[in-house]
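Each of the next two complexes has subunit A plus one other chain: subunit B in the first, subunit C in the second.
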Partner chain A sequence: MWWRSASFILDKNDSFLRDDSETRLLSPPPSSSMAQTLDPNLTISPYYQTRAAHHGVVTSDWLAQAHAAAGRDTATPSSEPEASLNSIGSDNSFSVIDEFNNWRKQPDLAEAVAAIRALASVIRSSQATTMMELQNELKTASDSLKSWDMTSISLTAGCDLFMRYVTRTSAVEYEDFDSAKSRFLERAEKFGEISYKARKIIAMLGQDFIFDGCTILVHGFSRVVLELLKTAAENRKHFRVLCTEGRPDRTGLRLSNELAKLDVPVKLLIDSAVAYSMDEIDMVFVGADGVVESGGIINMMGTYQISLVAKSMDKPVYVAAESYKFARLYPLNQKDMVPALRPIDFGVPIPSKVEVETSARDYTPPQYLTLLFTDLGVLTPSVVSDELIQLYL
Partner chain B sequence: MEPRRPSRVIDPKVRKVGFFTPGPPPDRTRSGPAATTPTRNQSPVSNSLSPVMIPPARHASDNLSRAVGMPVPVASQLHAHPPADSLQVGSYTPSDSVISASPTRSPSSRIGLDGEFSEDSINWMKRSNSGRISAARPTGGPDLKQSVEALINVAEGNKPGTTSGMSAPAQTSKPVNKPNQKKDGPPMVSSTIVPERKGGDKPPEKDRKKDMPPPRMQFDDKSRVEKAKKRSVTKQTEARNRVELFRHLPQYERGNQLSDLESKFFQLDHVHPAVYKVGLQFLAGDIMWSNTRCIAMLQAFQKVIEDYSTPSEKTLARDLTSKINSSVSFLIECRPLSISMGNAIRFLKSRIAKITLAQTESEAKTFLCSDIDRYINEKIVLADKVIVRHAVTKIRDGDVLLTYGSSSLVEMILLHAHELRRQFRVVVVDSRPNLEGQQLLRRLVEKGFSCTYTHINAVSYIMHEVTRIFLGAASVLSNGTVYSTVGTACIAMVAHAHHVPVLICCESYKFHERVQLDSICNPDAIAKVPGRTNNCLDDWAGKENLQLLNLAYDVTPSDYVSMIVTEHGMIPPTSVPVIVREYGREHLLI
Partner chain C sequence: MLDTHALVHDFLNKLKRRKIEGSKGTAKLTAELLRTVISQQRIPNTNQAGALVDAIKAIGEQLVAANPVELAVGNVVRRVLHIIREEDLSLMTSAIGGPSLSVISDDENDVDRDDYPVLSAAAVAASARNALRAPSLQTLLEDMSHSAAVHHSSSSVDDSEEKTKSTDKNSRSRKLKHNVIETVNELIQDIAACHEQIAEQAVEHIHHNEIILTLGSSRTVIEFLCAAKEKKRSFRVFVAEGAPRYEGHILAKELIGRGLQTTVITDSAVFAMISRVNMVIVGAHAVMANGGVIAPVGLNMVALAAQRHAVPFVVLAGIHKLCPLYPHKPEVLLNELRAPSELLDFGEFSNCMDSSTGTGFPLLHVANPAFDYVPPKLVSLFITDNGGHNPSYMYRLIADYYSADDLVLQRKPAS
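After this line comes the complex of A and B, so read on.
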């Protein structure tokens, strides 16, 4: 972004005479569009990689590229946490990250549940004898998980929730260590159930908003939204769905596949055709990768665009998200988040001089969202902060 | 994941956010009308009304009649009330009146003039629309009548009760009689929470007294201004050529309060010397910012408590409370309280009320003093540190930060970010008449920041290079509205038009559950332009058609605020009542 102000120009002229360190003051913030070839520190977001693998229709080219990139980059981040982990529990070669990845690969499992299951396995394989030791181990595991993938909000939220549960309830006096351990494991299992039930609750709440004969626009492949549409279809509602293609993951193709199995009339749009079709649309449904404190959501790239169009044409935008996705982040603008990049395959080779915007997600501010369907009920965006404050009180 | 705290929602379909406390809804006739008193957003006690049922415009006439104890809808009783009621009438509630601005420093200090809130914005609008103050009829709808009527009846019942009850033990000298009742507003609220918890078996009269804050001072009514003047400790001469539009607010000239007060020193024996000293410092403008004033006041109260000894046949709690009341009213005379100071006083009073008879006097005193220390430490010192830590995460390399005036908290944030070696530029925006931005600028340049300095007239010119705006606040009101130095609203609006995020940095003890407006102060300050020998406005008072208006505070609507940084984290402006609800209750429960 180039600044056009007079003072900028004056300063720039001065800086040519001065030292280099001054010019850094004027340079724009590092944009996330730097391709990873230029900046090896910006890695591909494993979260979005996994999602692509689960939900998108991928080409072999993309896979090859992703593997190459992953092979180059995962060497750096994972070695540190593994090293730290190994230094603590060096007698067992257990790695929480591997465990987490195993869980994560299951397509139907929510990210936070995978995280908590990974932490539960830490407890299971832990050789600690006191509560403090166990807590420390858990904390280290949780930190390493979070730092391994900083872009996944559900992961962070899941770890945080479990850690809070552990620290809050670990001071119970009458309990001995083993029963405490089993209680934690029980809780972890229960969380899986809760999260599964959450989807059902959301589906039930949300499908009330679908009326007969309505046209719904869906963006991205969210399991919650799919569940919602399934429930609505089961309740004999007649509606039709427009899916955006969802490049580069092509989530739309996958979604339309699923919906066709349910006998719901589906129409595919390319991403650019959203404004064109907005007239015939009655409501927009999206999922969320994370719900932030302001009430806005972080979701697949393209959500912000669609919400803007919908808002300007007075169409409601509904978000379906479980409550464990609420995070204490507060982005002020699009670039205020941890960058989450993923490679994009254009099908043709791109000259190396050309930059590609590879961010996988964007932030939709709360004023463009109408309602949030969560397992806590149907909420307006401003209630998210209320819930977060209560949770972290 | 873990079980949430039990939801306090009575009707699951209606989410009541921010206006409610648990507990049995008090009797409607008692606290219902009290809830619909001048303060639109209810005090935590009076929660029987749903948040939706906020009674619409009660305007000048309501205040007028309520203040005079006249039932509004029944015109026949208009003159029925004894003049004794007017004792209550002339009072104005300081705690919902004036606020000091943390960033404001004025060489020609606005002594005691700093502000007065009008009851509610709707009120104000109606008046300004009419162009002149209408003292006549209520135009509230018929559905309002009942609540107003009930309120008036309550008010009637209140007046004699309050006058006799509250003033007798409190005051020994008459001059501070009136101000004492002013203070009853918010403290009444907090002390009512305590008796409610104990079962609420106090006589209804007393509760009613406590629930309703005394009405506000009507500066446009000549008779009441006269009465107020008679009773006040300091003399304040009214400004010549007052601005018609703002007649509901005090407009005084910078007077001779300081010398007056000094001469009265030996007469005011009910005021502790520490409090007197702090009052003089406020009056003279030595202590300026909201945080500093609050700390100074609390430390003075600590001394009062240390030197205090219970007279015989009186309980510690009651007597100490009345002593604090008298000190507070003295301070109000010197300079009206800010909202933060009001909250601190409420905290202190609730602590005093918690003293049981079982504790000895010295125990109680040490307990109170340590509580005050803890309050200062937690709410101000530590809170500032946490806020700085949160806010610094929003400063990235290459940012251009804009700040307005001089806020100590924003300065701390900038310094901390500089220590962390973030590379950023600062734009300091300043405005007349105080030009406090210059102090900030000087300090920043000394530390090696690269700064730009500009006047508020140029803010739209410079706004497109700015990436973030950090502002301080004197208070944040319950609907997310920010009350701060005049000019803040202007900056926030221009920022909004340019899509620049505005971050307000404010400790949570400054949050307030009311909604308020504007204020006016010393007009002479703007007539003087420093450095010019030939001031064309030197004899402005002589010109009949010329009126000078010097506003001290303004109000920024919550739409223009992107985020509020408090010690509880970064919250959207809609979550202020949540913080007031959650954390306000905590310190009352402990």
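After this line comes the complex of A and C, so read on.
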């Protein structure tokens, strides 16, 4: 697809040739835009940028405040979409993406919830009088959302889930259009609650597996895993946590901050020290950006590496993910996904002819995972495809 | 009522003193006890299923606490709870189809319930089935609205038509109990017949001139092997003796009695002999939700040896052994330490028992664990009453036989 061939020399020559032809017309473009001229799809992933922005600012106090604010916001959701609509008029696709961005900025809100809230705003503002019309509008909005950020799996999964719910419900029961519409809106509003409850359920299920005196390795800053560890700490379990540094997002620093507040003994490791410490580790906990059909997960770069080491040393790898992250993807290898790039700052300037691997995520195949904790219960990786089949086929 | 209390108390004592051996016997006795409890239980007219569930949960909690290692008890309790919920559901869906039309004409004032009579019986049944199944992606968005609809419709059936109400309810309550007891009887029969059903599949798995390895003694394994012998398969059996109880000796005697060529080996010789073996067939104490097996001690070793030599490791287990829980620390939480006298003869070691260090701790310890945990990746195949399955298929069977609400047997405190 993109850079899979081993003939990277030929590819480079191609890029230099193209670059040369452009320099005759313009001054030499900077290195970041070179990537963009090669392939317009290889842009910085907005999903990972948003997460980085969250990490830079988020603390647990701020999270609590934001959550309280979100709770107040749900009582009066109509003010925001109306404002954006009045300014833009009937151009729905614009308002959907703006809506989505507004919701997404709240750090405690999951991607899928933001997506569903944005779609709910489409329903609210829709002038449709028949079910077909409404479904078409929703489909357009959902497609535009998905194409705006193709790298975010929970966004795609959330949109698909809501679209599936709309098409299935309307065909079966309600003869009255208005009651159906209000039903959709109510469910979309409730979805935020479900997502919050989902984290609680997962925390309750997962903390059973933490026994006294165990050592846990955590990679990446997952709000679900944090909730899980919080619940275990509240249940008076004595355990300690090793956090990977999580370059370049410094997720480990964030997480260790939070855990120190809970009085949980934390130790920071550089990413390369995982295999060195794997002996003393009893289990690995990670979150997931998306759970794919094979039962594997897509998560922050480094998860695959850690799972490989854990598997080779016979340590269980537990994944905490909400069920709406299940996506209809089936990656066959690491490059078989939409590339999600994140600029990496090494702190020192790098010579321009040195390439940097900027992918933000990797794919961990199901055979390296032990169990998935979801709000549907504790699942083995083989159950995921069953759930997806039940829903989509 | 006093009758059931005495019965339950009696059974609890037997469990606590470990008087009942074997999961099949325990499962059968538990099911029979619960059947008696159900038939004696007086249930109110509204929410009969809920009352039954509460009663069974109360007793189930005590039973499980009496012997937490005997997972078959908890399994049967959860099966019965699932049966109650299912029977209630099927009764409700058949009842709703009838009176729903008359409800429309009766309730004009109530604006809320305008929508619900419009729901077809099929839709309600479908949503009710969803409510019974474990939560899934499908029910994620639909769940609350439809279960609310079901409750409304059932209440609308109850509230209207005073005349037919009482007769309807009485017949329904009798029907529920009747159906539940019928299904529990079927469950008891299934438990009793599990060996035959598993043994029927023997001929598909054992072929001519094969060498089978087993450890210790299991009734299921004996029936399995003999069924293959009946079908004129000629094969040999290696029996590992299964220290410290040496049940393998008993198994060998029985197999010879039925005309099978048997070789007895020590547990330590398993690794040496496994390369000569075509298949390992063993029984299990319990099967966990992830496909892991709680088996008599020594079987983890055999499973590892089998994996090392690419020998299929087949586990025979009746459905009553399937437990819907995930093992967090099975070696500790689900294990029992038996008497040290099985290992060391007290007469010879009586002088060692007294000698201790200055702090008073004895120098000699004896650990005699009863069970081993075999992780799912070491098991090739499970043979149950309804066929052969992969370890990763266990979650499906659990969804069929158990409800998600019953996983935790502690009743929620009334708020």
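Everything below uses one rule, namely that the second predicted complex is superposed on the first by the 309 of 393 C-alpha atoms of A that agree within 3 Å, B and C clash if a C-alpha of one lies under 4 Å from a C-alpha of the other, contacts with A are read in each partner's own complex, and residues count from 1 in each chain.
As a working rule, a residue touches a chain if its C-beta (ideal position, glycine included) is under 8 Å from a C-beta of that chain, and two chains touch if they have at least 3 such contacts.
Here the structure is a predicted model, which means the values were calculated and not measured.
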Exercise. Touch check for A:S294: first (subunit B), second (subunit C), both, or neither?
Worked result: first
Exercise. Is A:F211 touching the first partner subunit B, the second partner subunit C, both, or neither of them?
Worked result: second
For this session: Answer with first, second, both or neither: which of subunit B and subunit C does A:Y165 touch in the superposed model?
Result: both
For this session: Please work out whether A:L371 is in contact with subunit B alone, subunit C alone, both, or neither, and reply first, second, both or neither.
Result: second
For this session: With the two complexes superposed on chain A, say which partner A:P351 touches: subunit B (first), subunit C (second), both, or neither.
Result: neither
For this session: Using the superposition on chain A described above, determine whether A:L332 touches subunit B (first), subunit C (second), both, or neither.
Result: first
Exercise. With the two structures laid over each other on chain A, which partner does A:S385 touch: subunit B (first), subunit C (second), both, or neither?
Worked result: first
Problem set entry | subunit B and subunit C contact sites that coincide on subunit A, given as residue numbers | 161-162, 165, 169, 187, 191, 194, 324, 382-383, 386, 390-391
Seminar exercise, completed: Within the complex, subunit B is touched by subunit A residues 3-5, 7-8, 22, 24-30, 161-162, 164-165, 168-169, 187, 191, 194, 293-295, 324, 328, 330, 332-333, 336, 366, 382-383, 385-386, 389-393
Problem set entry | Complex contact set, residues of subunit B against subunit A | 1-2, 4-5, 15, 17, 394, 396-399, 423-425, 450, 452, 462, 464-465, 468, 501, 503, 562-563, 568-572, 574-575, 578-579, 582
Problem set entry | Of subunit C, residues touching subunit A in the complex | 115, 118-120, 123, 134-138, 140-142, 144-145, 289-291, 326, 328-329, 376, 392-393, 395-396, 404
Problem set entry | In the complex with subunit C, residue positions of subunit A that touch it | 161-162, 165, 169, 172-176, 179, 183, 186-187, 190-191, 194, 208-209, 211, 323-324, 326, 371, 375-380, 382-383, 386-388, 390-391
